[in-house]
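I have a structure here, written as structure tokens, and I will follow up with some questions on it.
So that you can tell them apart, the chains are marked A, B, C and D in the order they are listed, and the count of residues begins at 1 in each.
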């Protein structure tokens, strides 16, 4: 099948997935579609669409690396590096706050559901499930004969225990994830029923998912009791394909094949050592020396990518990354003051503060930035909607947006605002994290070159930076989002007046909103969340996206790419390539 | 009857008791190592002073010639952002030497003042100051500096103050022990009898006589301060990303050195040469001023 | 009788000895114990005794370098033991000192001229400082080239002259000479003694002269006090003391002075003192001198003798002291 | 002697108490909000409240201090704010063998280099060997340890691929895994230290060689080698002992940076990460332990000094 056919098929599948009445609790599916032990592709796509989690990228099978792969066999040992981190602080689902942690935990625990490489939820410890007509009751039949690593048998009590633990904010950070559950009923030892407060299409894919969901990742009662909370965080007991045999903070995690895993086909590799590696050169040295055969954790530093690509012993697999990075511009800063975005752009353009904002955004030479800052690995951004979202991504925005790169226009705006050539403009601080300092320097240089203004890069530890960002105590800040698979992730989390990142700790008397508030885009963002029709939703998404771009909610900078690096001796099958996750139980050694 | 009470008019001529300055000069004239040190140091000082004139490029000017090999245009190559490494190192000399010297100047003034006051007055003042110094003695200097930068935040001034505070106890200790000895000298009694103020006695009479070991300590401390700044910058606790310092150039280059060895080699070499030359000079001073090696 | 120029009245100086973790005071060194003396204006008063007898501490008390534990010192009608800070300045301006060690008493980092000039400047001398420095040096027999010399470029005698010039610079009334010549060669000593004598006459100075060399004290001083273990044993005019010593300790000291005539010296018999000076931490009971005294009696072990006036101007603290013989 | 030891012990304990107090309040001056950092992804106010309550951060500072202080006296240093609240004692006990292994190996390397170098340069004073040793010593003193660390990684790990670039293996995993992970960082730290010891051995050997008993030894017709090794060297070691105290400071300081380069989670890295994360209990614990080591090693050196050198007496 060539690419054209692929895309055609994907488009029709997408249309079909979204073709239902938004008020229909079963999303155009019959009861039969919803029950069973494996959902059809159509059912899962439709569920995803209803949950707001379906994108073009998921419908399209990923591009495979071209290097030849040797034949796989079971057994052997694998050394992994977890990049950009000094230690794996916790593996307790209730406490996990970082992607790089649940990347590992997902291989240790079972959950009721687990997404596959199409980001569609499949039964894990749930053998089959049924949804009531009103979409409020999920009856789940549990897999029998599953044991925990410590030998305890898994049953409905464990589901109940996990649910109670995750519902308690004192014990878990993820109580919000299952906030829509009114009640969990144990029907018998291997059957439970979730009663929801209101229909939730994403219930299976988000709330019950074992890796990113975390709330219903099944923990072991016996294990917690025997080990204590602190030790459980290091060497947890789960029902997953791998068990932790050793974990010393700062030294790494040793995973060994769990012999009694319910799927006899998995895992394939006997022993996996995961070593946290902070620092670029040690990572490169370890990979090139062959000490490390697989890299997980934080994204591989971009300066190494081309070098790894030219290494015949390594496989580098690049996919569009689901995220965006921006220059956040404080509208309450005197020189960039905008107190009200609810005006037509032409009107806004008459305000000095807005002129400066727009000038900064217009001055961002995103191509140069990607080339210099990201060594060519990245995509210029003009909104939160990223190319991984395929269908929703707006190619035209790159030229149509008010904030499209335009050095002359930017200079003119600065001059009009009273700062010709940057003269008289105050020095600004650009807050970054220590890791994004370099990106900040490139941005500062671009702003200096184009606008003649002085921007000082100010790297701050994340703990300080986030505090200042939440308080709206910054001039400019470099930051953004990752793991955005759906328009909601970027728009709802960042681009609404009520967004959770929109200056939650600011002085609310002095600053009625955080970095951004605009009625028209608020309405569009809310509408797209509940709009099922893909074309209509795309229109709303792109409308909101365009408003945030034109009125400069921030200066959008770039979308990252997702890079997987491993040795040619490691075989990563198609079904193990879930963006952002590492299915260690499906990979094998040549 | 003035004649019979007048002294011999002959002035004693004792060559080995020449004034300290010329003693120093003659000691240095014999010390090859110290000469080499002074020469290298002079070279770097000139580079620092004339940085704007001799640096071939703007040290912060980025180009797309990233990680360019050393060439006729860029003698030491370019860094990961396409900036000229030579120019950055030349400008870095300015900052590194400034940090080294101003840190020690600050530590010296504060530490010596504390030490002199403690030693001169004794009693409860001495007790308070020395308990504080003991407390500081309980931490390795570098740990103190790391901690203080964390408290104050990064930046040139903060780094200088943090390192200076970390070094303060060394100067205080040396000054105090010198004062305790010198306090017993009769010229101090003489000064008190003449009604000189305590400040005048401490700083005009006692201190100048206590300078030799303090100068030696100061020299050595400059090198430690330069290394300290480099280490702090390396940990991301340094002067800040907008100022090229050697430690920062190394820290920034750290992620690229296997692709661009020059980023790892030259700034380190600059640090080493300057520290080496300061150590040479310090060693010469130690010999010339006859100060015992404290080892620290 | 006119009020004495300097009156030392029952002065004691004790130094605490601290030990242990809490630095508790465990003992006291009684360096000076209940000493009373008076000096008249224009007089040269000698204070003699072995080293460690407290004479230097007493001198330092007079100079307010140490504080008296008890008692008072009156200078020209004013109690100077109470003065502090700025109130002390007028006293400092009238009292100067010449120290024992000419090597240590001059700041090695300063030229002679600067050393003297500094005093003038601190006391806000109104005239031409440089000229005054030259004048003072000249007064002490040093030519003006000495102003540009560092102490280590001068001989001991020259340095001591600088020290004297410095003392004179404030035009003092009282000069305390603490062993001012003992560190010098004999020939230089004579020069300095002559200088001091000459200056006293010319400038109407009062001297408190501390020394252990009895012959120098006898030559220079009008009156003398003998100290032992912090106490005054005997005081009298020079002539009286040396001709008619009443205290066995004074006699032993005088006896120890070698006769300048070697022949006479050879045939002379010494009354050697037994034992060592006891520790001032724990002075003997009764008369502090009794363990070493050749004529100690039973009473000496228990009762401390008071400093009784034997004849006008001659006092001694000895149970065995006899009234003056009248030949 | 006993009262001297007691006095020093009590004094050290007082210093430690003061350190503890200072550290507790100082870290709270550091700007930054650990809770915000931790909950950045969920951002729910009730989770935040719960977290603050759980960590006791809602109580008055003085109450927090008293709790921490009294627990500390019982050996409980509290728990990390992050993850599953690992006890700080556990974190430190895990880090300690790494730092101590590193310190020990660095020390051995330093001695292996410094002793022959120091003896050689002393016995052949002013020779080419002496000059070479002296130059080496100066270079060792002048080279930033982290720079050396990077160069070592480039040469031995990346290019020659003889040794692992990063990480740590405990001794229980076998000698070679332990040794191969530690050798590069140990060289990075030990080189500067060996320079100091070599200089010290040289100068104290020279001093000892001029002493009377050396002349006696020479007059007895002992060979130069025997003179050096049996008589001069042991006596020359005395001042070197003081360096061991300084060694700890150097090793800890060096370890902070070098552990960072080699991704070894020793005490130094625990401290730096604690500071970066604003993990108050961890920073408090780590600083306390570092300074305890420092104070105690100084104390040990003073006492050792008294044992080695019979001339020194303490009352």
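Just so it is clear, a residue touches a chain if its C-beta (ideal position, glycine included) is under 8 Å from a C-beta of that chain, and two chains touch if they have at least 3 such contacts.
Small disclaimer: the values here were computed from a predicted structure and weren't measured.
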Would you say A-D or B-D is joined by more C-beta pairs in contact? A-D
Relative to chain A, largest Cα-centroid distance belongs to chain C
Roughly how many whole angstrom separate the Cα centroids of chain B and chain D? 24
Roughly how far is chain A from chain C, centre to centre by C-alpha average, rounded to an integer in Å? 91
Averaged-CA centre spacing for the pair chain D and chain A, given as whole angstrom: 41
Averaging only over C-alpha atoms, locate the centres of chain A and chain B and give their separation in whole Å. 50
Multi-chain contacts only, two chains or more: what residues does chain D have there? 11, 31, 150, 154, 158, 260
Of all residues in chain A, which are in touch with two or more distinct other chains? 279, 281, 284-285
Which residues belonging to chain B are in contact with no fewer than two other chains? 254, 257-258
Per the contact definition, I'd like the list of chain B residues that touch chain A in the complex. 60, 62, 64, 66, 80-82, 154, 236, 240-242, 252, 254-259
Hey, which residues of chain A end up touching chain D in the complex? 86-87, 89-90, 92, 95, 97-98, 169-170, 173-176, 229-230, 232-234, 248-252, 275-279, 281-282, 284-286, 288-291, 461-464, 466-467, 470, 500-501, 504-505
Considering the complex alone, what residue numbers of chain B touch chain C? 1-2, 4-9, 11-14, 17, 19, 185-187, 189-197, 200, 204-205, 208-209
Applying the document's contact rule, which stretches of chain B touch chain D when the two form their complex? 131, 134-135, 137-143, 146-147, 150-151, 153, 223, 227, 230-231, 234-235, 247, 250, 254, 257-258, 261, 264-265, 268, 271-273, 275-276, 279-280, 283, 293, 295-296
Note which residues of chain A are touching chain B in the complex, please. 279-281, 284-285, 301, 303, 307, 368, 371-372, 375, 434, 437-438, 440-442, 444-445, 456-459
